[in-house]
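The letters A, B and C name the chains in turn, as written, and every chain counts its residues from 1.
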Amino acid sequence: MKLNKTLIIFILIWSLLPLGWQLYTSFSTPEALTQPFIFSPNRWTFENYLQILNSNPPFWKYLLNSLIVGLLSTAITLIIAVPASYSLSKSNNRFSKLSKLFLAGSAMFPYVILFLSLLEVARKFNLGNNLLAICIPYSALSMPLAILLLTAAFKDIPKDLEEASVLEGLTLFQRLRWILLPLIKPSIASTAILVFLFSWNEYPIALTWISKSELLTLPVAMARLAGSSVYEVPYGAYAAATVIGSIPLLMIVLIFQRQIVSGLTQGAVKG
Amino acid sequence: MNYLLLIPATLLLLLVFGFPLIRYFWLSLHASSVLTGLEPIYNNGANWIRLISDGRFWQDLYQTSRFAVFSVGIEMILALVIALLLNNEWKSKQIYRSITLLPWALPTTIMALSWRWIFNTPYGPIDQILNLIGFNNLNILSNPSLAWVGTVIADVWKTTPFIALILLAGLQTIPVDLYEAFRLEGGSPKQSFLYITLPLLKPYLLLGLIFRLAQAFGVFDLIQVMTGGGPASSTESLAIYSYLNAMRFLDFGYSSTIMLASFMILIFVCLSAYIVTITITNNFRRYKL
Amino acid sequence: MSKYRLYLLISTISIAIFGARMVNGRDIKLTTINILMPAPFADSTSKSIERFNNTHKGNIKIKVTKGPRETESVSDLAISNLLLGNSTYDIILMDVTWLPKYASAGWLMPLDSWFVRKDLKELAPGARLGNRFKNKLYRWPLVADMGLLYWRKDLMSSPPKTPYELIKLTEKLISQGKVKYGYVWQGRQYEGLSCVFLELIEGFGGKWLSKTNEVGLNNKEAKEVASWLRDLIERGITPASVTNFSEPEALQAFKSGEAALMRNWPYAYAELQKEDSNVKNKIGITTMISKKGGETTSTLGSWGFVVLKTSKHPDKAIKVIKFLTSETSQRDLFISYGYTPTKASLYKDKNLLETSPILPELARALEATKPRPETPFYAQLSDILQRELSSILTGQNNVEDAMNNAHSKTVKILRSSGAYR
């Protein structure tokens, strides 16, 4: 048992160390950066944060862009996935098994392979540099997982419950709205969080669909920041950026930890 | 009526997953580059002929596989250990979960940037420590024979918690009575791991393995930000190469060919990983009540 | 009461809108010209740009987008803009090897009507190269750059002119114990190796790629170049570690006095004249060795401005370009940053000649410059060549096979991308 505890503590440190190092770096002066293990009284500074917050476009703009894209993609995904999952949960075995297989395959698919063709779509229909348009591929890419999770949730609802409401004369929409959706609320919540995380973090599609700096989402802005300095070691500013960029996710993970875990494990158990 | 509800989702999925593959197949048979004004012109399979003799493609395939095998292998083992540890009743499970989830939830580009800094020579902590123990100027990320190790470490760091969670979910489906009964029959803990845990965990292990193999095979963000595929393309993955062909060389025809080829190889790899794992584990003895 | 308030509200809003339009109206006259530059150039030109913005207040304003440090990433950034069809830039500062790609993609505006014969004549001879594609002018050069052969004045009376002389001279110096190595260059698998190769294949009388897309990599001359480079390593004239050398490593070896000759770019001169250099005031500059049938060649590496087709203000963009490439700006850049000028007159400028004794040599080298193959696929062709040359230099493959490979792969690339139609 003691060994276990030590191991767990070791794992915790391992998980936090790189982030801790960024935090440490973000408060270091340029001189301190070159001698990371030497402690002098004036090695600390807020300069890096000021530099990031005063950049052009301001850093919070990227967070806002990611937020917009994340929320909208989540909404679109749910609006399309809920009816589809409902229908799938009602269909016969063979069809649902086959579609499950395809959905699982698509969910595992390394979607970076799709970027060129999606870029062609963006070119053809003039969807580039548009935060609303990029939600279409995002919703599509998160659709398989969403449908898998929601279908499993719908299947768990006892049949008599819906049959009773049919007898009461409720329409399909009413049944969904008042009976079924409230019952699968937890699954909807975890699906929503996972889709949001995906859209917030997505990189290759954003990289090809968005080129204007004021429209960049956080991941692309970070990557671009990494390559756009004259100096060899502007890591103080990078570190400050990674810390600021991590805070929203830190909050999300802390608040929605239960939903994320249940979403992931549901996906694994049922998918 | 029911099936009507499926239509929007099906259309969207076909547009984003189905259409590209067909389009790639078609484009891979055409020259579509700056010279043709990015308009496709049939070229007699010249892309495929070029692919077969393209040393960079084969090198990248090797490098991608190396990355996938090492990172997924290490991740699976570590994740299994972590999941077993966590399955014991343990007070601050919630906090632990949040903390291990963090690497997984952060954008890859942010953590890739962090790792680039950690591996920085000479100012990063790893280099400083290596210097203390006598490895001077190892230059991990700028050394063509070492840089890939750096990318594997970063990937292991990021993804292990995710697999651990999946395996943990699997462990929790195994009834405790089973272990109890086995112990009463005189089985040792080691045997119970072999005859109960592993066989019952098999579907989860498989899921984790296939999922991670597919993802690692398409590795892009991590490498692009951490090394950009360098030094001397020693960490370049297939995804990076096809990205370069499209966005830097403006050769959409060849880029499509690489992507289609990677896709086919990926299917082959995942199927064989599946079959191999199934056949090996079928020989496991399994304890039944 | 609410009626009055409503009126008040409406009038306030309309005044606000009207006022805003007035301000906007004044803004419309102010044209912003957006330039994308690699970060180092953005910094070095900042003073000139400030000066321009001050003298053109209310009329033209230059806005510089600081691109990434790594030059290829700058191009990536530009291309991701251009592919989506709505570029935010008017001007891009472009490397000489990118031009054919951008021009054939149809993204550049021909500049022939703005730069007339007189302007062209003002350019130094080598600076005139690499600005045209298919007989149209697309680029106006800001900085010239060319491959140079650095030699030690304290070790030899004149630099070697032929490959044979180079070997004989350096072997003698090594055997006399005067230097550890004879000749250092760039042998790592990267763009610098292609530049080394171009100078030699032209000097040996061969051709990497002809204007009609004929590949010359399996010819006698190309193989001679590869054998010669390999020979330098085998004879110990060049250290085996050259396969990891880019510019800084070669410079380091030469600066420490370990080598008698070095291939590098003009920037190296200032480095070699610094206090910590062991060869300060002992160096001369010339161009690469050559053989009968070939001619001494410097690889042209230069940066210049292009105007994008999507620019709404080409006239003003040209005005900006003319200002930034003017004699005054180039003089500043040469004095503060050592950027080689492109204007011919500056090479005869007395003040400049006083501050920099190598200017005449640079002018001579500029006359010997040749561009790398001017094809949209240059990046891929260079990659193939680097790989195969690297396999020869590291001894993984023999010259014959490797060069034949390089040849056939190059042909395959050109074929698959539609070059032979």
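Note that in this section a residue touches a chain if its C-beta (ideal position, glycine included) is under 8 Å from a C-beta of that chain, and two chains touch if they have at least 3 such contacts.
Note that this is a predicted model, so its numbers are computed, not measured.
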Chain pair with the greatest number of C-beta contact pairs: A-B
Reference chain A; chain at largest CA-centroid distance: C
Chain centre separation in whole Å, for chain C relative to chain B (CA means): 38
Centre-of-Cα separation between chain B and chain A, whole angstrom: 18
Residues of chain A engaged with two or more neighbouring chains: 119, 208
Per-residue overlap in chain B, given as positions that touch at least 2 other chains: 247
Chain C: positions in contact with at least two other chains: 70, 73, 80, 83
Chain A residues within the chain C interface of the complex: 119, 122-123, 126, 128-129, 207-209, 211-213, 224, 227-230
Touch list for chain C against partner chain A, complex: 39-40, 42-43, 65-70, 73, 77, 80-81, 83-86, 88
Residues of chain B defined as touching chain C within the complex: 31-38, 41, 43, 46-47, 49-50, 53-56, 228, 232, 247-251, 253-254
For the chain A and chain B complex, residues of the former touching the latter: 1, 4, 7-8, 11-12, 14-16, 18-19, 21-22, 25, 33-34, 36-37, 80-81, 83-84, 86-88, 90-91, 106, 108-121, 136-137, 139-141, 143-144, 147, 172, 197, 200-201, 203-204, 208, 218-220, 222-223, 226, 233, 235, 238-239, 242, 245-246, 249-250, 252-254, 257, 260-261, 264-265, 268-269, 271
Chain B - residues contacting chain A, complex: 1-6, 8-10, 12-13, 15-17, 19-20, 23-24, 81-82, 85-86, 88, 90, 94, 96-103, 105-111, 113-118, 120, 123-125, 128, 157, 161-162, 165-166, 168-170, 173, 204, 207-208, 210-211, 214-215, 217-221, 224-225, 239, 242-243, 246-247, 252, 255-256, 259, 262-263, 266
